[in-house]
Structure formats: structure tokens, C-alpha cells
């Protein structure tokens, strides 16, 4: 409900089309759909440009199913993140069109066709970082981005990375996913003048501290142009990359 | 054993109703019930206004059962927290009236009728925080509070929260339960002049550090009127809220 | 601006006393006073029951002076916390009536008479914890509470604490301030059925970790009824205690 | 030295304009200016779209002065960050045109006129966060962005923030700067569909842990679209915002 | 091999009873029994007053069995700590006389009769701390101490603890075992002038951080006379208590 | 006030020598001396075997002076720890007999002659650990122990340590003080069968983390018989060593 | 592709054997083998003196198998680290010659004969550290080193360690593996003038913090000549030791 | 005192050149020079190949001076690390030949001529890391190494680093010094097959955590061949590099 909505209500009051109490009820609160255990935000698409996502971690299967259904009823595309096989199976029964991305632990339901625009490049340091990278890629794709994947280009063999310099140059935004020492975003940002979204992963052992080591590396990069998200948060990186890529592409 | 109890003993000594050694024995120690592995505090209800609770974490089923029985023998209501199904089943056999609250992992035995007074409002940031919120609600209810639940009103869609402002205004005390970034208590405390008991949950991943992130958020709130309890400590929040609500309501 | 304010605007629109654009301007925003570097919340007193406090940490003296003046202009009592001597001197020039509480690092301006009601008892573990305890006491007093101070009653000599049991029993709410191992709130909460607001202090050395040790002790208390605030946050404890004490006392 | 540079060298070899050894010398290394204690990257402007910045922390005044001079000699705009008064005075002597931004601890030298385009909005939670926010603003401005400042709009009085919703909607990218509990970016990102760069500050005390608390809040935000930089890293946020804003504006 | 042993060798050389090379071989190394994966210290009993203990954590069953046998062959009493049922079964086969202490996860083999002397009192804060407390008690008993157990006397009901003051006064040394906030050792040490060995346990949740909270409480105690061991290290506390108790008792 | 004291009061009541109210007043509280900002525990010497110590950290000079005087009035020996030169000067004026131990930052007042008994050996890893070691030595000496100092015998040159093996063997209890990696207590405890009190110091840099590194080393020692105190807590180690040494020596 | 390779291409261009575009394609990138999910670095052996190792943690069995095959195709020796039984079985099918080192969790394929030279000595503190020590030994052996194992020589019985002094003196480099307090490397480095590579292990409990305690001990050693690797990183230690041993031996 | 020393003593006993007691005195302890507050290890040069170093941190000027003099008396070269100007001045008075290295905070006294052999290359990420790098260089030089310095070659401009590849290839061992994200050692180790000693520095701010960030990066490097020392420990890196370089060079 934006300014024009408020204006409409006020005009209706002025024209006595609606009563003052009715106007108050409309004015005070944004609409949302209350399920008791969850308040589904059916206007988020209007307000924030993208449908709400179901973050499955810690939710019961039955809760995920109901929230997913509530969002699907709005007609937009829907994503469920951190979804295991059991959740997929439960959603599959009700929505045969859902797709399961096993590596990325995501279930997606495409109800609207998406025409990819712009370019998001997602690089991963190692093979073990791919699940997180995939979560980023699929999210960005659902937000309308064309996505290129450049995997296993960590700093151990820097020539592998240098080989993709042209690819990075064409991107609107780059997502760099890495665990262990997490130096990948720094090296990429040192090569090109593009915003780099760094995603630390929990890949590693010992003092990797489940992703703290690469997170600190990324936050402390001596190269400008790097921003960071939570450990293993491929979704967050893909979403932010999607927003930026869309803003740049829409101007074309 | 309070001042009047001591006075009674001293008077009895003065009147030679009891001997000095007998008085000493009575004087020195408060009564409690010794089971060897546990000392059940049968007078805590008198001393602290509420029966002792069985905290099941780390106790054997047999130990829980004996302590629970010892408390139930006093005739008050009894709560077992952090109780799994196995504990419930063991208690059920001996006390068919016990109720199991699966989400909240609590077993309760109501031996005295409770007439709800006042109002405690419990808000949760997300659906995954509900188990902790329920532990708080059930505890407050057993302490005599009327409780309203406002779930899934996190800051991602702040209008969902604003819709409940009136509800928060009527509360004597508010419990705000949230994981991940844990900003819910701050936003609520910014809206109303009520004490807010903040409960961080272990919901989240990566740098949520099993609840440290929301705990720090709550401790550092720039809004006054917020106090905090341990991560996932719904019981502690419900107990403190119950105490405060009772003190306010008793004055009515 | 609450429900009745909105109703008034809508009625005025209906009666055509004001135009739709004028109504929109009024409707959309709550009033506050914009100084550029600070937005002073002149209606917080109405909204939250107490005037806004100036938290001086990190602010320039000139900024503090202007914010303080903005709040004082509303006619309520004003508090500046974490205020050093330099700030006091700057405020003193403009407001000769301000009082400096050196231990508590607070400047207060009482413009309205306060009649103390109820009872807040503030206990400190040691002598070195007194500055934080004083911050709590003065805050609670400005919120209308009668306050009793029980200092240096840490667990090293538990009889000193037991001597004050009656005092704790009369309180509506207890503030327990302690550094080092921070066991004071647990022991007090074990003795009486009152809400205890625990304040860890940065007193100690080595593994006290500037207050983390007592904070953890307080969060992990095995005694119910304890809630906690940030390290050295006497103000926060005093404010929450003030809110609770007022709610209980107002019902008398 | 990009693809066309390499092509040129190869052609020259083919045409025997230069010898093989001479070509090798040119081919192998990118050009930079070696001062012994520092290697000034004079082609970074070409490679990365912006001149290199002097990060003064830990450098001697004499070192800063020489590096600054080396960069200024290239004719672009130059920034020195984390610069104290002493550094400013040293630079002022040699470059009378430098400007000192005291709050932001920056020295800037504008040698090329900048025409502001697009819009970056920088919000701060409190007054004490302004120095970090200013570092971000000035950096973004030197990268060609039009910048609006919205300061002291923390969650304690959420209406102050809501009043600026339209402003946030017009931005290409938003920078949200906050210390203590750091909830500002979450609330802003919940209101608008713009990328939000979150900057935690070291403002606060106790468990704020010099900025760790707001950092964790920002990394764990339940709202999508937020990316984060190091504690107090206004420069990094301004730089990334400048890059994104430029990419969007350039398409206009 | 002590001073007299060296003297003997030197005398033998002087008297030419043994050759120089033979003396060198004897001189250089203390005797131990090499199994390849373990060097069993068969003279530790002489050197340190007590037989070596098998710490089972991280060792294979077959390794534990061989080391245990090596020690048993020396004729002293043997302890295996952190021993699960599988290890007990393996040892039982070879040494039918071994006893399994399930709570304490210990296997003991008494080959020499022990006459208990002195007094070690072991107190536990809660029922869940008993396994660690038992590990301490059994260890102290094998070192010759008479042991009294005072369990479930945490600070939540301080009168339960006060009831045992006489008992604590008779002890040569007190072991205080507690999880969660870990305040027990402080309260005990405040009552009596005896050395108190504090043992933090991993009992608790959330900010108990698997025993860090009580560890910090114990290290920071404001009461003198407390020393601390590792989290859950009942063995270490029992061993140190045994050493001290023995030194005091031996003088009787 | 022990059992005989209570008996006396009860007898007096029985014999009507004192009234019931007078008896109650005597019974309920232990005696202490209330100064408002401090409650001096004048019977601690009786209760705990040693006079109370003034811990100066965080106390004002005037507060220290009054507490010290209160304790000195009882006629026992008095210690002030963490005392800087300013405190010494203030105490010197009132008590010309006080001695200042600059390294150990202690002021002592000997009013009773002490005849050293038993043996406490204090070893330090390096020269920089001496101040903490001295705090331990002086404390133990005031508790009646004969003390030997073995300084700068860290593991870098293990032969320096081995040279003192006989000395360690004669001790009733050993204090081992070390910073940096803190391996000294382990090596000593591996050589002799004596209780070792380990004191980590804040000597070191980087990952020594102001004493956390040696603290962890000491808590995790694979050698039995080691107990630990807080970082830099020489006093605590000296006090505990004094208690143990006295118990052993008193039996002679 | 080293200098001579570049020279060759340039000469070919000069001689018009290849075209400029063809030269560019060759010049710009080092060769590697792209499998999509992994870029196998087939020239690492030439570039870095040793074949690439497959680090299995976080990789799927199918991914490990393909990478291993890619490396084996080059004809050198191949190592897979952190390999469980399932991986071994998968590799065994394709390469019957692979050997599984169960303790060390490694699979090795020797295609070239190795003649051991020099000497690396690997010491372990306890029996439970052997798996990590074995990972180091096998790695060093595959890099051509002669390796001696000295296990279970921790500081609890320092004479066991001293017995091997001659052995340490003969080594080119020493690997010291230890968990718990991790003092072993310090003691060894204090005895001989050899580089010591310290490997902390996750053996221990409580404040060992899964290897943080020994890591800090090793980083803070007061003895010079010690360098450290990640917790449980036997491979890294073995690799570095292999490099150093080879450099020393090659000069023979 | 090595094997031949022992043999000599035994022979002398056999030949009755010395008495048994005299032999015992010689045999039991290695010689060191006892100053009370320090035990100077005058034979470390023989035992460990290098004279002992004075680590000044935490030592008084007078103590440093005496220890330095004790070492100088042996005739070898002497180093004082972490030495401020005051220490230099004190040493200068007694030893006019000492040299002060201000950046590296070292005082050196060369009494024996050193002929540089081999090659140690020391790289630094930034200009601010130079003091730590210099400490490493000077130490390695005093241990006989030829040293090359390659400063300010951090990953922000990776071409600056690539330019020195040949230089790294010639080294026997490389020291890589870096603060902030600390990626330098990884990139270098990915280019050449040389052992790399990584030195994290405390350069940086916020989440650099005074060097923890680069330390973790270095410990978690995905490139093999890297070993790490304590934060800012240039001396330790230089010493280990010196040992390795000497072992390789001595074989020439």
C-alpha cells in the first residue's frame, strides 16, 4: 500500500464512499495472510520486487507446505531454501511442477517465465563449495539474471583463475564462494572493477572454524569493492546479486 | 522458616517446652527432602512463591521420575522442562494426568486450578522460534498469567508487527523470542512502554553461532526497557514474566 | 499520534476541514525534531512513558548539548548517561540546575518533582561495582522509584548478604550488580520470589574478560526469576526496574 | 595492459619492430612504480575504474606523503583514509588543494571535476555513527555518486525511519551504518527492494565487543538483499556503493 | 633412577665393575617399556607416588587393553578413565577382577588393599553433575582417601548447602563440581578455610558453552582458596585432592 | 558465631539472662562492620583462618584506606593486592609500618610475627613472570609458609629446570608461574609427586591473548596433579598454597 | 609454461610459424584440464615439484574418483587425503594398486618408485595422536623422505622423550604432533637445533577446544625454530617437511 | 654437554682423575649462569647452533642489560628483540658497537663476521607490515642467510607479485608477512615449490582482530607447503628460515 493507495482511501472518505472506521481499518495495517504459526506476506512482491522465500531450517514439513502453498497461490515464482528430500517430497505431492536442486538443497516452482538478462558470474574456490555456489546461482536465475559458473578456481593454482578474467569483466556483479582461507574474492576483486559478493563456506576443518576463517578473510580484504554475506548463505548472495544485476539491466 | 518460626522456637525454649539441643536442631537448617542424588526443596513454594521445576537435561529418567514424584506429593502444580518423549512416558505411567507439550518439550501436572490474570504477550520472530516461545507461554500460564501469542512477526515485514501494537500495549510484560539477527525485542520496545523480556534462540546458521548473534543484539539494544535471558531459555523468560505479571495483577 | 489522532484527521477530511494532501502529510509521519545529526523524539514521553535519554558515548560535546537542550525544551526530566566532566561543564553553563553524579557518570535535570513510590533494591557484590550500581539507582529514582542501596554483599561472605533478606523481600524488583564471578544474583534469587535484574560489571582481570565471566554466570543461573542486561549497563537495569516498579505501584 | 596491448606487442614482434627479448620483458609484467617500501599501482585506474587509495593505518607520515604524491602525479583524484591531522598537515604542504574531512578522517584531492549521478542514500543508526557514515559518503561522492544523508534513524524510534521511506525508494543502493545492536539495515531492507550495504560500527560498550555485535546482526539478517563490510569500514561500503551506482547510472 | 642410582653406577665404574660404555647406556635414560604405539612408564609409581592411569579417549580398544595389561603387570592398582562399555568388556575378559563404574565411565583394578585415611568431601551443584563428581570420588578413593559425597546442593537453595557446613569443616580438601553458572565453589570457600578444587561441568545449554561459563565463574571467584581444573575433569580433581589429602594424613 | 555461640545464646534465653527479641537480633546475623560502601568482615579470621585481604582494583584510594584501617584495627596481618604507588603512599601516612613490594604491587602490614614452616616452591618460566610469582610468594609467606624461589626455568632450556628437581621434591606444594605457552607446570608435575598450582600470566603477545594461551595449556595438561588459577592471580595461588602447606605442616 | 615456453611462442611468431591470434591464445593461459566441477592442475608437478593431492573432505565420491583418475593419468604418484572407506572402495575398483592407510585416512597410488633420502622424524605426544602423525609420515614418505616414528613421548614422562635425543639430532626436520596441552614441540625444539613443524591435534576434551589449546601453545612457544600448521593437518606438516628434507638432501 | 662430554667424565672417573662426587656434580646438570632473576644459557650456542636471544617484552631495562652482557661475554653475536629506544640507549653505553634497527625494534651486536649464504626471500603484503618483515630479515641475516626484500606486493594488485616470481624461485625458503586478510602466503606458495613461512601481522582494524584474521587465513591455506608462526613474530620466522637455509646451504 503506497502513497497512491493512501490517496485513494482518503479520496473515498472525502467522497463518503467509505466510512471513517472502514478507512481506519484499511489505513493502519498492511495486508498479510495470518496462518497462526506464520504471517505470509502476500504483498512483498509489490513492496520489495520479489516473492517471499520459504527458509525451511527449523520449520516442520507441514509448516513449510502450508507457507509454500500460501505463496504459490499468489501466482509468482516460489523458492524453498535449506529444503531436504522430505520437504521436496511433501511439496511434490501438491505441486507436481516443483523442481528439486539437490546440491543446492532448494525447491523451486516457476509459475512465470523468466527471460535472463545481464550477467552474474559465480566463482567457487573448490569443488566442495559447489552446493553453496549453486544456491546462489539458482536464486539469481529466478530473479532474472543470466548466470555463468566458474568452479574450482581457488588460489592454489592462480592461473586457473586468470584464465577467466574476460568472463569476470563482462559480469554486472560477481559472486565469489570459498571456504578454508577464502582468498578468492580478494584476487578476483584485484583483477576487475566489478562489485564482488563474497560468500564464505563452512568447507574446511580445524581453524577454519566452520567458516569463520574465510569470513574474516573476506571482511578484511585489502581490495575495495568486496561485500560479504553470512557463512554458507548462497541464497543471500544470489538475491543481492539479482537485485543489482536487475537494476543495471533494466536501464538497458 | 521465617522470623515468626524462629520466634516460636525461642519462646518454646523460654517456656521450656523444648530443650536447647532440640531447638538447635530446628534452628540451624531449613527443611528439605534428601534423596541422595537430589535434595528436593519442599518449602520453595512458601519461600519463593512457586513450586520447584524439574530441569531434565542431563538427568536419568529414573532420577526425573523420583524428583517429580517428590514434588507432586506436596500438592502443587509441577513442571518438567527439556523433557523428551521417554520422560513423558515414564511420568505418564505414575501420573496419568500429566500433559505433554511436544513443541515446548514440557510435561505439566496441574493439581490446583489456575485462574488466569493480567496479560503476558509472547511474540516470535519466525515460525522456527515457536518451540521456545511455547515453553515461555506454558510456564507463564502455570504461574497464573493470561497469555497471548503473536507469532512470526519478525522485522523482515515490519508491518506484520505494527499490526499488533494495540495488543502489546495491553500487556503487563512482553516476551520477545527471536533467532538469527534477533532485532524483534528492539522494535517492540521502541513502540510501547512495557518491560520486554528478550529470548534469543538457536535458530539460524553460520554466524548465528547457535544463538550468540541474537543474544548480542538483545544485550546491545539501543532501546531501554529490555532484559535478556539465556539462549533458548523460554522457561526463564516465562517464569520472570509470570513473577512480574503476578505482582502487577495482585494489586488490582 | 495514536488512533484518536488518525480518527480526527479522517473526520476532518470527511467534513472537508482539511484537504486530502494536507491529511496525507499529517498521516504519514510521526512528529520528531530534526537537527540533521540527530532526530530528537519529542513525543517519546507520550509514546513510551518516559523522556528520551542522551547516551553520550561517541557523541561530541556540542552534539550532546544541543540534544539535551532539545529534550529539556519539552519540560520533562532529562538524563545524560556516560557523561564525563567536560560534558557536565558544557551543560551546566546552559542549565545551571543540572546535577552531576560523578561515580555514575550521569548528568540529570529535574524539571518535574518526583514522588518516590514502590521499592527497588540495588545490591552490589563489591565496592568497585558501585559506579554501575549508582547509574541504576539514579535512573530508577528518576523514573519514580524509591530505591534502597545494599552494597558490598558478595558471596565471599554470604552472611553479609543474608542479613538483608528482609530488605530484599520488601522490594518490587531487585537489581543485582556484580563483576568477577557474578554469583550475587543467583544467591539473591534463591532467597526471595522477586524478579531480579542482573547487571554484570567489567570489574575483574584476566578471565573476567571485561565482564564476560559475570555475564555468562548470570545468563546461566540455575535459579529462575533472573533477567540480564549488558555489561556495565546500570542505566538499562534501572530503566527496566523503574518500568516494573511503576506498573506494580500504580495499581496500589 | 589488456588484450589490445598484448596484440600490439605480438604484432610488433611479427613486424620485427621489437626483438623477442624486448617483447618478453614487456609481456611478462604489468607496469607499476616501485618505491622500495611501496609499489604504486599507476594503472589501477585503467584496470579497476578508480585510482588507488592510500590506507594510512600503520604507515609513517613520510611513506603516506610519497605514495600520495605518486598517485597525484597520475592526474586523477586521490583519497587518503584513516588520516589523522598530522598526515593532513604533511600533505597540505605539498598539495595546498587537499581537503581534510575531520569526522571521516579523510584527505581528498580533487583534480578532476565530478558530476554526481544516480543516488546513494546513507543512513546512520545514531549520532555517534556519523564519522563512519561520512567516510562512506565522501568515498561514494568521489566515485561520482549523488549522496543523501539520513542520520540518527535507529530502531529505538522506528517512525523516524519510516518518514524516509520515499527517500530510500529513490536510491540505487543504500548504505546503512549502525553500532550497538545494528538492526538498522534489516529494517530498511524490509521496506524497500534495493541492495543494502550494511556497515557495523564500533560504537557501543560491553558485549558490543567493538562492533562484533552489530556485525553478527547484519550477517544474520532474516531480510534478503543485505551485504556487509568490515567494522567501521565506511570506505569499503562507499566504494562498493559507488561501483554499483555507477553501473546503474551509466546505463541511463 | 635417583641420585643414589647414579652414585652406584659411578662407583661401579670407579671400581671397574662395569665398563664406560655400559655405564653410559645406564646413565642416559630412565627405564620405560616400549610398545611402539605407547611407552608405558613402569617406574612412575616410584617417581610420582601413584601408578599411571590409562586415559581412553581417542585410543583403540586394543591399545587400551595392552597398556592396561602392561600397567597391571607391575602389581599396583590401575585406573582406566573415559572408558565405555566396550572397553570394560575387553578388559573384563583378561582381568575378571576389574570393576566398572558406569556413571563415572571408569574401570578400576584393585590389586593392593587401600586403607582410607583423611577426608575429601565432594559436593555437586546438581544431579546432572554426578558423573563427573563420581569420577573425582573414585579417583580419590584409589589414592587412599576417605570420601564423603554431598550432591545436589547448588545455590538455587542455599540452605541445602548450609546444612552441610560441619561436613565441609572436617575435610582436608573439598572438591566442588558444578555446571551452568558454577557458583558452588565460591559459596563453599566463603564458609570454610579449606582448599577447594573446583570442577566445571559441561551441564547446561546455550551460553553455558559446554562448560566455559562455570569455568570462568570458578577462575574469577572473589573468594580465596579456590583452584580449578579442566571442564569435566573429575579425574584431575580427584588426583590432586588425593595428593593433598595424603600429604596431610601421612603426617598424622 | 559457631555452634557454641548459638548454644550460649539459647542457654541464656532458657536462663532468662536475655530476652527473646535480644536473642533474635544476635542469632540472625553474623557480625560485620558496615561502612556503607563496604562491609568489612571482621570475623573472617576466625571463620576462615586468615584475615580479609583488600583487593584494590577498581577501588578509590580513600575506600582502600578505610577498609585497610578497619582490618588493621582487628590486630591481624593485612595485605592490599593490586596496589599502586598512590595507594601505598596513602596507607604509609596512617600506618608507617607498611611495606611496599613494588614488583608484586602489594602493601603488607605485619602486626603478628610469623614463623615460617613447611615449604612452598615457586617457579617462574621467565624473568617477565616474576611480578606475578612474587605476589604468590609474599602471600604464602604471610600465611606462614617458608618459600623458595626458582625463577627463569622455562622449557626453552629444560636442563635449567632439571637442576632444581631436588628442590621441588622437598616442597609441600609447588607454584608454577608461566606466560606464553605455559608448559612449565606440566614439566614439573611430570617430575615430582606434589600438588602443582599453575598460574598463567599475561606475558606474551599475539595469540598469547593476554594469558589465555598459557591458561589453556595448564587446564589441558596431560599430567595429573595440576590445578589452575586465574591469569596473573599470584595472590590466589599463594593463598591456596598457604592453606595446603599449613595443613600439612600443622600435623608435624 | 615458463620463460622458455614464452620465448618459443614469440620466436614462432617472429618466424611466422604461428599467427598472432594463435599466439595470444597460447600466451594468456596456463594449461589445465577442465572437468566443470574441477580444474585439474596437470602441470603442478612441473611447477611445484609434486603432484596435486585430492583433498576429499566435502567432495562426492564420484567427484573424487574423476579427479583422482585425471591425476593418475599423468603418471605420477597420487594421494587422496581425508578419504573414508567408501572412497577407498571406489578408487580400488578402478586402480587395484591403491593402498589404504586406515589410521591416516589416506589412499595412495605409487606409480613411480621412491628412494628414501634424508631423515624426517615424527614424534607424537600420545597414542591418540597417531592418526594425524601417520598422515604426516606417509605424505613425507611419498615426497621421498626417510621417516622415523617416535610415538607416545609426551611431557608427562619427559625421560621417554630424552631417550630419543640422538634420533632428533640426526633429522633434517622434525614433525611434533600433540593434542591437549601440546607442549611437545617446545621441549623438542629446546633440545636440538632443527626446524620443528608443530601439528596440534583435536585430541582432548573441554578447554582443549578441539585443538585450539595445543595450537596456541605451539604458536606461543618461547623456543625458536618452531613453525605450526592447522589443527589435525598431518598432510600439511608432512608436505612442508618433505620439501625441506628434499632441499637439504638434494645437495648431498 | 654431549655424549663425548659424558664419556670424558666417565673416563676421568675410571682413571681416577676426578672423584665420584665431582663427577656427579658435572654429570647431573648442564651448565648455565644463574643471575637469580634469569638463568643465562651459555651453552645454547653449542647445543642449538645459535646464541640465545634476549626477548625484552616485560623485562626491566636493568634486567635486559645484565642478560645481554652475560651473553655477549660468550663472544657470539647477540640479538635483543622487542627492544625500545630506552633499552638501546642502556645497551649502547656498555656496548658502543650495538646497532639499533628502529623499524624492527631490535638491537644487534655482531662480534663475529657473518658470510651470507643461500637465499631467504621476505615478502610483505603492505607497507605497514614492514616492521615485522624487517625483524625476520635481520634475524635471518644474523643466522648467516643472504636475504632479499620484496615489499608491498599484496593481492590487491596481483601483477606486482607475479613480477617477482623468478626471485621466489631462487630462494631456499620464503617468508611471507601479511596483515588484514593475509592471502599473500597462499598466492606465493601456489606459484613456487618452496617452503613458505607465513607471518600474520596485527595490521588492520575491526574483524582483523589484531592479527587473528590473517593467522586463520594462513593456517587454513588450501596450498601445501605453508607453515605459520605467531602474530607479529618476525623473529620466529627469521630464525626458522635461518635454520632451514643453513641446512640447505651447508650441503653446498
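We call the chains A, B, C, D, E, F, G and H, going by the order they appear; numbering starts again at 1 in every chain.
The criterion applied here is as follows: a contact is a pair of C-beta atoms (placed from the backbone, for glycine too) under 8 Å apart; a residue touches a chain by one contact, two chains touch by 3 or more.
Model, not experiment: these values are computed from the prediction.
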Repeat of the F-H interface, chosen from B-F, C-F or B-C (over half of contact pairs identical by residue number): C-F
B-F against B-E, pair bridged by the larger set of C-beta contacts: B-E
Between chain G and chain D, distance of the C-alpha-averaged centres to the nearest whole Å: 40
Distance from the mean Cα position of chain G to that of chain C, given in whole angstrom: 59
Chain C and chain H, separation of their C-alpha mean positions in angstrom: 54
Sequence positions of chain G contacting 2 or more other chains: 28, 55, 126, 156-157, 190-191, 204, 206-208, 212, 215, 219-220, 222, 230-231, 233
Touching pairs - complete list by chain label: A-B, A-C, A-D, A-G, A-H, B-C, B-D, B-E, B-F, C-D, C-E, C-F, D-G, D-H, E-F, E-G, E-H, F-G, F-H, G-H
Complex interface listing, chain G residues touching chain D: 3, 6-7, 10-11, 13-14, 16, 20, 23-24, 27-28
Residues of chain H touching chain D in the complex: 126-130, 151-153, 156-157, 159-160, 162-163, 179, 203-208
Partner chain C, residues of chain F touching it in the complex: 28-30, 32, 36-39, 41, 44, 55, 57-59, 63, 67, 82, 200, 202, 210-212, 215, 230-233
List of chain C residues in touch with chain B within their complex: 47-50, 53, 55, 166, 172-173, 190-195, 197, 215, 219-220, 222, 224-231, 233, 235-237, 239-240, 243-244, 247-248, 251-252
Interfacial residue positions of chain A with respect to chain H in the complex: 125-126, 154-158, 180-183, 186-187, 190-191, 204, 206-209, 212-214, 216-223
